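You will see chain A twice below: alongside chain B first, and alongside chain C after that.
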Partner chain A sequence: MSISVFEAARPVFTGLLVAVMVIVGAFVGHWAHGAWLNDHTPVQPIEFSHEVHAGENEIPCQYCHAWADRSATAGVPSVETCVGCHKGLSEVRGQPEIEKLFGYWERGEGIPWVKVHDTPDFVHFRHKPHIRAGVECQTCHGPVEEMARVTRRIDLNQDLRMPWCIDCHTEEQVANGRDCLTCHY
Partner chain B sequence: MVSRRDVFKFAGAGGVGVGAGLLLGEVNQRPLETLLSTHIPPEDFSPGLDTWYNTLCRMCPAGCGISVKVREGRARKIEGNAAHPVNRGGTCALGQASLNALYNPDRLRSPMRADGEGGFVPAPWDEAFEELVSRLNALEEFAMGRQAWVLTGGALSSGEEALSRFASALNARVLRLALDTTAAERAAAKAMYGFEGLPHYDIANADVIVSFGADFLGSWRSPIAYAKAYGDFRQGGQGGRGYLAQVEPRMSLTGANADEWLAAKPGAEGALALALAAELLRRGYGDAATSAWNGLSGAMSLEEAARHADVPAARVEALAGRLAAAKAPLALGGGAAGAGSNGTQALTAVAALNRVLGAAGGTVRPNLAHATAYSGLRDIEDFAAQAASGDVPMVILAGVDPVHDLPESLGIRKALERADFVVSLDSFLNDSASLADWVLATDNFLETWGDDISSPGAGMLTATLQQPVQKRLHDTLSVTDIILKLATRLGGAAAEALPHEDAQAFTRSEWEAAWESMGVSGDFNARFRRAQQDGVWAAALAEGMADELSPEAAAPQPPPAAEFAGGEAEYPFVFHPYATQGFREGVGANLPWMQELPDPLTSVAYGSWAEVNPATARELGLRTGDLVELESPAGKVSVPVVEYPGVRPDVVAMPLGHGHRANGRYARGRGANAASLLAAQSDSATGTLAWAATRVALRALGKRGRLIRTSGVSRTLGRQILGPDGEH
Partner chain C sequence: MSKITDKLREYRVDGYYTEFDYHWTMTVDLDRCTGCEACVVACQAENNLPIVGEKRMRQGREMKWIRVERYWDGDYPNARLNFIPMLCQQCDQAPCEIACPVFATYHNQDGLNAQVYNRCIGTRTCAVYCPYEVRFFNWFTYTWDEPLEQQLNPDVTVREKGVMEKCTFCIQRINRAKDAARDEDRRVGDGEAQPACAQACPTDAIVFGDRNDPDSAVSQKMQDPRAYEVLKELNTAPSVIYLKNARAPLHAEKDEGHHREEAAEAHAAAGEPRWADSGKAAS
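After this line comes the complex of A and B, so read on.
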């Protein structure tokens, strides 16, 4: 009768392999959630189309997002800004989405847009220096003028991650662009 | 060999892993955030950019100027207004935390009507005004000598002026309420310096300060102004480091900062001050007025006074030597030293010491602002008596909470219960407002107009303008707005006295009239706009103002022995209530930041406590955290004790401001109310409340209390941070 070390250690190997499978599975699951289950393209309270406004009608981004060149936040337009144009656009009045806009206007409410692009709270992103340095809005936000509904699923910079910021800061030789405290303060 | 069974195991493990991964992804997912657009934005609205507005802090009577950071139309942060002569850019914790009052979840959002079952229901403003107007009209017709009462906090402001005019148009009586009425200090200033009001103390330019009970770095009068001045005093305002001696039975924040702490017996401070004055007269000090004082022959000798106050005679002698050698000495008196039955005489003795030291006109100067004349005990008793006999048809509570802040023994709770109709103008359903028939929801001070004249101020006449820094959050009005609207609806004398549209118009008209009467010329609109930008308008004291300190002053009488409510046998400890910077008499209790802030001396947060000397605690078998019952002739409370080496063994100290029965979720039921132990003792000279003249008994309850402290031990554990012999 022979004793195989292999046979004796068999339960240990099985256990190790089970643990490895759990860990590998967890990575796969997490990646799959990020890739398919995360809502990169949230439904908005009004089916507003950037494709129509910024694309077909060529309205400049900063007509509505007016604070991008002077503030940390680009800002969303007031309901007054939307209605300012739309009360003269009788050809689209009556469309259900446009009626929703006038609903907010008449009730005196703001529109609760869902945030698409966001950085975590420990990142202080500021629009002003980027716009003033001539960075195109599309560099980070993707081709918004082609989007019927805005998504953050862009090949380049999925979810605006830090390596992507650093690459650009390095390439463009931004002053203090690689300093931690430039963004994390 | 891998068996079929193993394959299932691996596949199962992989599945569990994927599931866990998906779950982790779901949990880690950033929450969905909304980006609410504005409807019609204000003209200067720029998201992400700060706008700073200068205005007035109304959390205490000091009248500091603040700069408020506003973003997206909301107040975000409060800092001191650097251009304000009183606080010079400083703020205290309470001022910073006033945002907690603005955004408080328990703030009243609309007028509330009592539902008759102890609750309140929201009601529209129109209904509130209709009810009030019909009540007031009925009052005029059928009062038959019965008067309405207006209870206020007595600020030096336009709002208070509007209330006064309204009250006199209604022939109503006004009670100006505060625990610390400043009456003793005002009487002392009148007797020794010959002017009405609170003196300006030039702490910055003094070189030796002896303070009798005045916690000027903590909560006394204008703590930020004094703290700024104290910095100058310590860092060579007079060419060196100033020397501070603090005389008080319980070590306050100021005592903890002092070079010397003399734990004088409560009520003996005045005798000590007078003995020092007599000693300095003997050493040849004094001016023309004091030469007629006959050397203060009635005063105790230094040794007698030291024995009387139970402090070492050698240290009092040394203090006299320091004062004699000082170039710019200053004596301060206040706090509990001025709140005994002999408070006025004690503070008069302190002022006499300043007179002898030559400080009057030097480090003690008059200020142009008059001080509020708060109501004495007799007026309050009158109110209680009339209510008891059913002769109070209406009470208007204008932003005060006397049921909590003042002693229960004054009978204000019973009076409010007995009054026919009570209306409270307040932001919170506090202890007093919960007894009202109507509570009219008022603005936070950051949402409305007003002003304040700083008293004691900073050596100049300082008027701070209050302006709204943001839109109203709720359906509220300011006290002044409510009074003006009522006056308009009432018509007659009230409408004639108050024809203004709103608080803004009234404030403007008051400023215009004040400038006119002072002969300030120039375009009013431009000047007012400037004041709105700066947040403050200040004028230096007029030429020769210092001369207004009277050259004459009659010799002060030796203070009589202090009397206390409660016999020494039955109530062995003198009760020493004190105001903290965070809570004051109760204003900070509904602010979560203030509840969270540990007390600087005991490190207790979220609740109140009683301070007992460790020797006393040992004698009674108590240790920190044990629950005790404090009983005075006026009431009893149970609180946990803290062994505090900075309190005399015959004194029990307790912070004010805790123990609310209502006033929102953060204040309600937290800690115990020190004011409820106070007997209705009065200062013998002014007839105002003597809030440090009650004795208590202390009884262990044999239970542990709930005490939240951030520090472990009060010893240095051999680190010698107090010097080589510093282990305590």
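After this line comes the complex of A and C, so read on.
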């Protein structure tokens, strides 16, 4: 006498089907979240182009993100910094995006930039040690000087995931680089 | 007692580290502690601890990384109050580290008992294993009303529901001190890294520093004969050392009190100072 697997599974068949669907659904959902639903390239209040500024005009990164080598955050420039240059640039003055900038300037408001490279709250990334160790900005942020709108969708670092951090810390033999408390506290 | 603890020490298993890079240690001078709870408030502000409210407090779901325990001694009016600030002892032989199934708590190279929030799955085993009862579980995601969220410390994670948390010896401040020291290519000096409780203590009862540095204030304090470790018999090798003069409990002194008064009167009658040897006065 033999027992069929299918016969044995018949009482729990519905449950098994639901379980399989849930597992498959979780995989599909995870992939869809990574591929479509996650906004890797957020729309900014002003169509600011790094391609023009950092690429064509070759402005150094730390001219605007001036706090990168002395603080945890690189910082976004104040409206004053933008206007400081653009006051003298009469040839681009009439463009609608530039007019938006001067709108913020005249109203005395900050520009509500959307953060692109955002780490979770439990990750305390600090720019200062990385800049002082000579890491290029492009190592983590990708070729920003070629981006019209900044994206974090670059194959290079797989969206700034932790194994990628650990790999670099291991290769460069960072002191206590693999200790959790270096970043997570 | 010390014989037992010495015997127990022989059974200690050597840890992963043969020696610590820094060995952060805290000494708490209980003879100086006035029980003002400034350390509790400072910790609450520094480490984004939520105010859980009266109801949760009654349910035993308080969130205080450091608490001042009170021990009454004797009966009114002949009573005395003893304080002991209790915080994570950062044990070198920590029971909680053995307990965690996902290694969310582990020992790092600075002698710190680390708690990794993003690795914690909330089994709460570590809190059961902890003999000092200094681990706290987030039963809820606590929120801060406007504008109180403005005072949150950006250097410290705001914990979510389902993770364990505990005193970190203010690791954000230690990291900041190390960062500043690395820029100047030197080791962290004594007193540069100060946890919030040590900074807030008005009587300097709490001293924090590196035990590996023999000249640090903490190393000096540890030489004090008053030094002891809480629950030393559990063999946990804590990094928080308490200093306290041993005093006989008050109820034992009750009868003795009369003797003292009699002795004092005898001193006065003999024209001797009050602190003269009582044995001589009796003879």
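By our rule, the second predicted complex is superposed on the first by the 170 of 185 C-alpha atoms of A that agree within 3 Å, B and C clash if a C-alpha of one lies under 4 Å from a C-alpha of the other, contacts with A are read in each partner's own complex, and residues count from 1 in each chain.
Keep in mind that, in the parts below, a residue touches a chain if its C-beta (ideal position, glycine included) is under 8 Å from a C-beta of that chain, and two chains touch if they have at least 3 such contacts.
This one's a predicted model, so the numbers in the text were calculated from it and none came from an experiment.
Q: Which partner chains sit in contact with A:146 here, chain B, chain C, both or neither? Use first/second/both/neither.
A: After superposition on chain A, A:146 lies in contact with neither partner.
Q: Could you say whether A:42 touches chain B, chain C, both of them, or neither, answering first, second, both or neither?
A: So A:42 only meets chain B here.
Q: Does chain C touch more residues of chain A than chain B does, or is it the other way round?
A: B
Q: Touching A:111, do we find chain B (first), chain C (second), both, or neither?
A: first
Q: Touching A:32, do we find chain B (first), chain C (second), both, or neither?
A: first
Q: Could you look at A:23 and tell me whether it touches chain B, chain C, both or neither (first, second, both, neither)?
A: Touch status of A:23: first partner only.
Q: Could you say whether A:129 touches chain B, chain C, both of them, or neither, answering first, second, both or neither?
A: Once the two structures are laid over each other on A, A:129 reaches chain C alone.
Q: For A:75, is the partner it touches chain B (first), chain C (second), both, or none of the two (neither)?
A: First partner only, chain B.
Q: Taking the two structures together, which residues of chain A meet both chain B and chain C?
A: Common interface on chain A, chain B vs chain C: 120.
Q: State the interface residues of chain C toward chain A in the complex, per the touch definition above.
A: Per the touch definition, chain C meets chain A at residues 21, 106, 108-110, 112, 114, 116-119, 155-158, 168, 171-172, 175, 179, 182-183.
Q: Along chain B, where are the residues that touch chain A in the complex?
A: 6, 9-11, 13-26, 29-30, 32-41, 46-49
Q: Residue numbers of chain A touching chain B in their complex, please.
A: Going by the criterion above, the answer is residues 14, 17-19, 21-34, 37-39, 42, 67, 70-73, 75-80, 104-105, 108-115, 118, 120, 127.
Q: Enumerate the contact residues on chain A facing chain C in the complex.
A: Within the complex, chain A contacts chain C at residues 120-124, 126, 128-129, 132, 176, 179-182, 184-185.
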